[in-house]
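Shared chain: chain A. Partners: chain B in the first complex, chain C in the second.
Showing the complex of A and B:
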């Protein structure tokens, strides 16, 4: 396999730069960036790229980084930023604004534990905090997927049937700083895949208002339209997969990625890089004759409820792994997925890898054994992975 | 709302379009309305885009999809005007458009919550004209103190009058060494429109500070707004100056520092009455500020008193 050795941060930056240049025949590329561990190297590399008809603005905060993207997008430019953890928390107000203004900003998040106390390691709690902000959210399992998902994210976000911002998630250090062989497409290929952005209603010339005051009945219509746009995601995504495959010769993964799931007695559901670990555990279990299977949730917003329900059908025992804790509740993915299984199926939640604990195949085998022994689901289990 | 209805609501944004249209929601006597009319007069054929953070100006625009403003306008989160304007300005520049991106923000969105993004955009010397219409109060939320509220003024959360001094916003912006920073008096329209035109036609970060009477917050007669500004200028309370590159300071209007002007300014606004602040209490701070201004302008003696 050909390719370059790249960290996911660099893969994301290269993807953003390729997408930025692809809009040189459109209204260009505008990015506002601010450093935070572990997403810094993405913004650093982006700042050092030559982007024809593109400006990367080094702003004074994450809040302003997203604001620059909002302004750039309102002016019809392709826009991108990256952040992490408390940076996303500080940015949150404008994260909401970008979505509610229906601006197709693309952001890469390096998932990091929220502090204090300060912890730079992987945890999905930061982007899950932004669950209800109206952004598309996709979680990646390897560096190639990060680069490919960034390119897909621009095409999805900018599709007139969608027009929503998109968040591409990759875990701190597990991906952000880990080098892996990554195929980098040519500019010509990306130009063929990503048409120039033609944003309807952009703020150029016409005396229109963007973000004007609304009353309940207008807001109801806006939310309904936003929700419907989310609903069109899966149909549009299939087209994007086809187009991507036609240009690049490989197919981006489905919104829910099954692994040896069809005949599984126990199904393990997860997001992000833990999905790769689970697949390894599945192979180990299968060698021992245990029928373990896996589902990796790649698209978290919109939530792939129908796809999950179909994959859960006939599966009696399901373990859901969360690298996050919704404090006072349990894992966020478990909370959303548990209602989709067959009546009487056991859906047990496990929170593991919190604060960056290293989740290994033996942890997955242990929790698979635990769910296999249960007659009924209990309270979500917080497992220690440790360093 | 059908496309045809939307089309009739949208103007061309061209110079024939008034900047502030009828049907806006501003109070009678609103200084910000007057300032917008000044900007509309100053812009002539120039194409501009407005960036408005949460403020009275945002509310004045009216409900979606209507707009009381005759130019492309984006309403932003409270602290983001200068950063959103940065993005818009880059998009315009990348496409070779001569559009002037103008932030139109109140004192809360400038002195307080917007200070970080304002300072950042000024430091980067973004190609933005930032206008702060300063009514010295959080007007939109019902009149709370801001860091622009003057010493002695009562607000809904400083009932006995604010204890602290007003920030020197022009000094803060000039310290960023931006190409142009000026204060604008609505009682001196020729000077005001000259400054607005100059600021519209310059490149880089330009900052205008407009004292905008707020009859609702100042508890003053709506018809007296312009007179109040004139008194603030005469008394020395509101210096009318311009600063080029943070270095060359010019005093544009020489006050007579009349005690009567300061007393009238205070007595015509009920916001100063609960604290019983008087001219004598304010005078030392005014004198101190003017000593600094004179030193910075290089004119220790006022121009009209030279031999």
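Showing the complex of A and C:
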């Protein structure tokens, strides 16, 4: 059996380095990095990689790390960084800038609870805080998916029809520090999958400033273009899946991953590794004759509204699990998904695993039972997983 | 990845799949690596594995956990391990309900303990127990530090044996994880582990759930589209790239382009710097040693972290440049000019004229060229070969020299009749004496003659206590030379204070460091002795009303004291002897004869100006006015954006101290490299640093060729570029329309 025993952090770094080398016949690779638990291991490994035409620049803050990527991308380099939690919060201004400048930066976030008080464990609140910054967002459920999604993210972000930065999310420790067998592709394979970046209008000889003053109408046009680029994602992603499968022999998961969902009386929707926990709960329930099904939302931005609406069709009860709280509202995923179900269907929100609590099948079974017993949806429920 | 039947077959039947392993230890013991090794052993048997730590903010010693899972299919379970089949306990003291939680009867517990299985004989009977003294083994193998023994690798060996896994798998796993050097310890543990079977039938005790602790709420503790907006229409002022005068340049009496040669040194090296310097400076190695450096007093960096050591850099260039002087092309209308005197003013004039291709002859009364540079400056400050090298470069321009004849007024007039012009730069011949009784006693000498005698090798031996009267460079040179000639002690008597001494500051410091004493506010009023000077009466001097120059006039008091004195050297100043200069229309004076400023650099500037005057008058033109920058165009410290520059104190020259040990060897070895040049702000001169371009909020400054272009359609006239320029190489000017 092939595959190396790797943490998802290392898998991400190796993916980035492979992608970086694949641009050696183009304008090379640039990465600005700043450490923060739990993404530090990713940047550390990247710093130790030999990358032809590659520059991994260690800077003094996350804000500057993204600035390095912006500069590198504007110059036509393939760019990558990684961060987490409050680091992302500090980086936010430049996260917005990268997106609005339509630069195909790829970032891996280790989802970690925002503080203070400091909590280093998993929570999706940090990347969801960046929901509206104009980045593609994809959430992973295992180590292999992290590496594969990093490679796909470059190809998606750099596609002329899209040209947007992409955020690959993996939960703190549950993925970032968990070691599992991971297939590491060869450079030759990655070269075949990822052509050199050919950015339109890149800065080469003459330094100039991008993003000067604008007027309302220009911004309207920019936003419309940005939004349309998001809209082309699903079509392009299918091509990327095909290309990936052709080169690597395995198919990256769909934007929404169903599991025994077709005939489900109760559908449980979630993101990240909780998705695999839900699948285990589904198996347990099915053994007892309960028709539970699952949907894992892998692509969160652009939001797969049509795919979800199709999957919700005919499903009377839907539980949405959020590992985040939009304070004063409820779960972010629930908020976006609840309007997509059939009229009269019950879509109940559950927030669980906040601050890194270990969400287990029994929790999923309990909330499935809860939603099954409801005649109408109520206020979102905050459940404690403890631990 | 399919089911791996060979994987299943390669491990003992008793090991259930999926398998869950939980490791308990303390921070620092390496529990996470232990779990990783265990997982790797199974991975090496061809199985799917997953391993992770339960990360926390724990410090060394706090309980930690780590997990491993093994299966024949990819593992989708991302939860922690709650129902372990195998428990590995790195510290027996941890063994309690928490550790055993969730383990079913029949589970295996591997314990690190020095006490073997005995203590557990009648406890935990429902588990299979294995024990090994991993701590003792790891310590024997020197794994960890003297403070903390790291047992993870040792214990992994015991685990494999206790679970019936093959030793080869252990070897491979250690190799994969880069831990092969710990294998001997693992092997010892493999051999030493003991185990006990589980008691069939003993049931697990029921554990009562512990309620979660109450949590106190926080509040209870305290690519752009083209821009359609033509911002250029907002503008009333426009930025301009405009050089301003650097204060060092303005402060150099010789007229050197200081910022030019320093920047050339920083960016282009010695030869490039020399090309700039040689436009005005014929004596870089001399000035680089003896100039009082008014440029440095004017340097803007002085207001930040210390003036740029310009003099030291000038010396570096003079001493390291390879270029010999090259004969310039002859002037279109060559003039024939005689220069009388070969001190710095004469050399400066000759150099200026010869550089333009005119014919120059120098007349020097002494046998060697150099004037006061040769006779009046001690070798420990200015070695002869340094002077010779600078002069050699001047002669290489085609200048001829006649030495050994002093010219009187008549001879000079003869010269004037046969040349287009004569420049007299004979320096200061009249020496100021001391008006005090007893000055004619043997042992009282003029300092400048004394220095000259020393240079000629005709110096008197000195002994005892030598007193020097005066406060200028000659006084300090006399004092330090006296020490070198054997004086037991030397005192400089000066009528004003230390700050008022005209000598170069560091020279005074060095003299003091060598042992010279300063008698300040003192004036010799009487020389005493029988047959020769034996003692000296010094009067106290007070400072009275300011004189015309603004300096307070010294007033000699009646309070006197006598000190022993074996020789008195007079260094009270010199004056020009103008009787040798006949009044003729083609005769000009230069240097101290003309200005009396008394420094090499002033003399050089004066020589250069005299040369210009000569050429202008021969062409029938009015006296050239050499431009002096007006104050407004000077770069002041307030124009320099200090925050752009790192604080970096000046590089010091390498001074050696010790008059007796050194004798007349050069005291100052100069800078140890040219890197001081990079401290220069480049006041008023653009360095193409891109700061303006980067700060323009509109992004409308672009590089073109060697400079920049501002896009007028979009420049809104905010002035940010000018404000951010670290060195005043730009200015805002009113738009014509706004004027």
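By definition in this document, the second predicted complex is superposed on the first by the 381 of 387 C-alpha atoms of A that agree within 3 Å, B and C clash if a C-alpha of one lies under 4 Å from a C-alpha of the other, contacts with A are read in each partner's own complex, and residues count from 1 in each chain.
Please note the rule applied: contacts are C-beta pairs under 8 Å (C-beta built on N, C-alpha and C of every residue); 3 or more make two chains touch, one makes a residue touch a chain.
Keep in mind that this is a model prediction, so the values were computed, not measured.
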After the match on chain A, would you call chain B and chain C a fit or a clash? clash
Regarding the shared-chain residue A:260, is it in contact with chain B (first), chain C (second), both, or neither? neither
So in the superposed three-chain picture, is A:54 touching just chain B, just chain C, both, or none of them (first/second/both/neither)? first
Contacts of A:93 with chain B and chain C, given as first, second, both or neither: first
Is A:63 touching anything from chain B or chain C once the two structures are fitted on A? First, second, both or neither. first
After lining up the shared chain so the two structures overlap, which partner does A:179 touch, if you call chain B first and chain C second: first, second, both or neither? second
Touching partner for A:226 - first (chain B), second (chain C), both, neither: neither
Quick check on the superposed pair: does A:280 touch chain B, chain C, both, or neither? Answer first, second, both or neither. second
Answer with first, second, both or neither: which of chain B and chain C does A:192 touch in the superposed model? neither
A:218 contacts which: chain B (first), chain C (second), both, neither? both
Clash-bearing segment of chain C relative to chain B, given 5-13, 293-301, 383-391 or 419-427: 293-301
Quick check on my understanding: which residues of chain A belong to both its chain B contact set and its chain C contact set? 206-215, 218
Which bits of chain B are touching chain A when the two form their complex? 10-13, 17, 47, 49, 51, 58-59, 61-67, 69-77, 79-80, 82-95, 97, 99, 116-117, 119-120, 123-124
Could you pull out which chain A residues touch chain B in their complex? 27-30, 32, 53-55, 57-61, 63-65, 67-77, 79, 93-94, 97, 203-215, 218
Complex interface listing, chain A residues touching chain C: 1, 3, 5, 38, 101-102, 117-118, 120-121, 141-142, 173-175, 177-181, 200-201, 206-215, 217-218, 221-222, 273, 276-277, 279-280, 358-361, 384, 386-387
In the complex formed with chain A, which residues of chain C make contact? 1, 4, 7, 36, 39-40, 43, 46-53, 55-57, 74-80, 82, 176, 212, 218, 223-225, 227-229, 231, 690, 693-694, 696-700, 702-703, 714
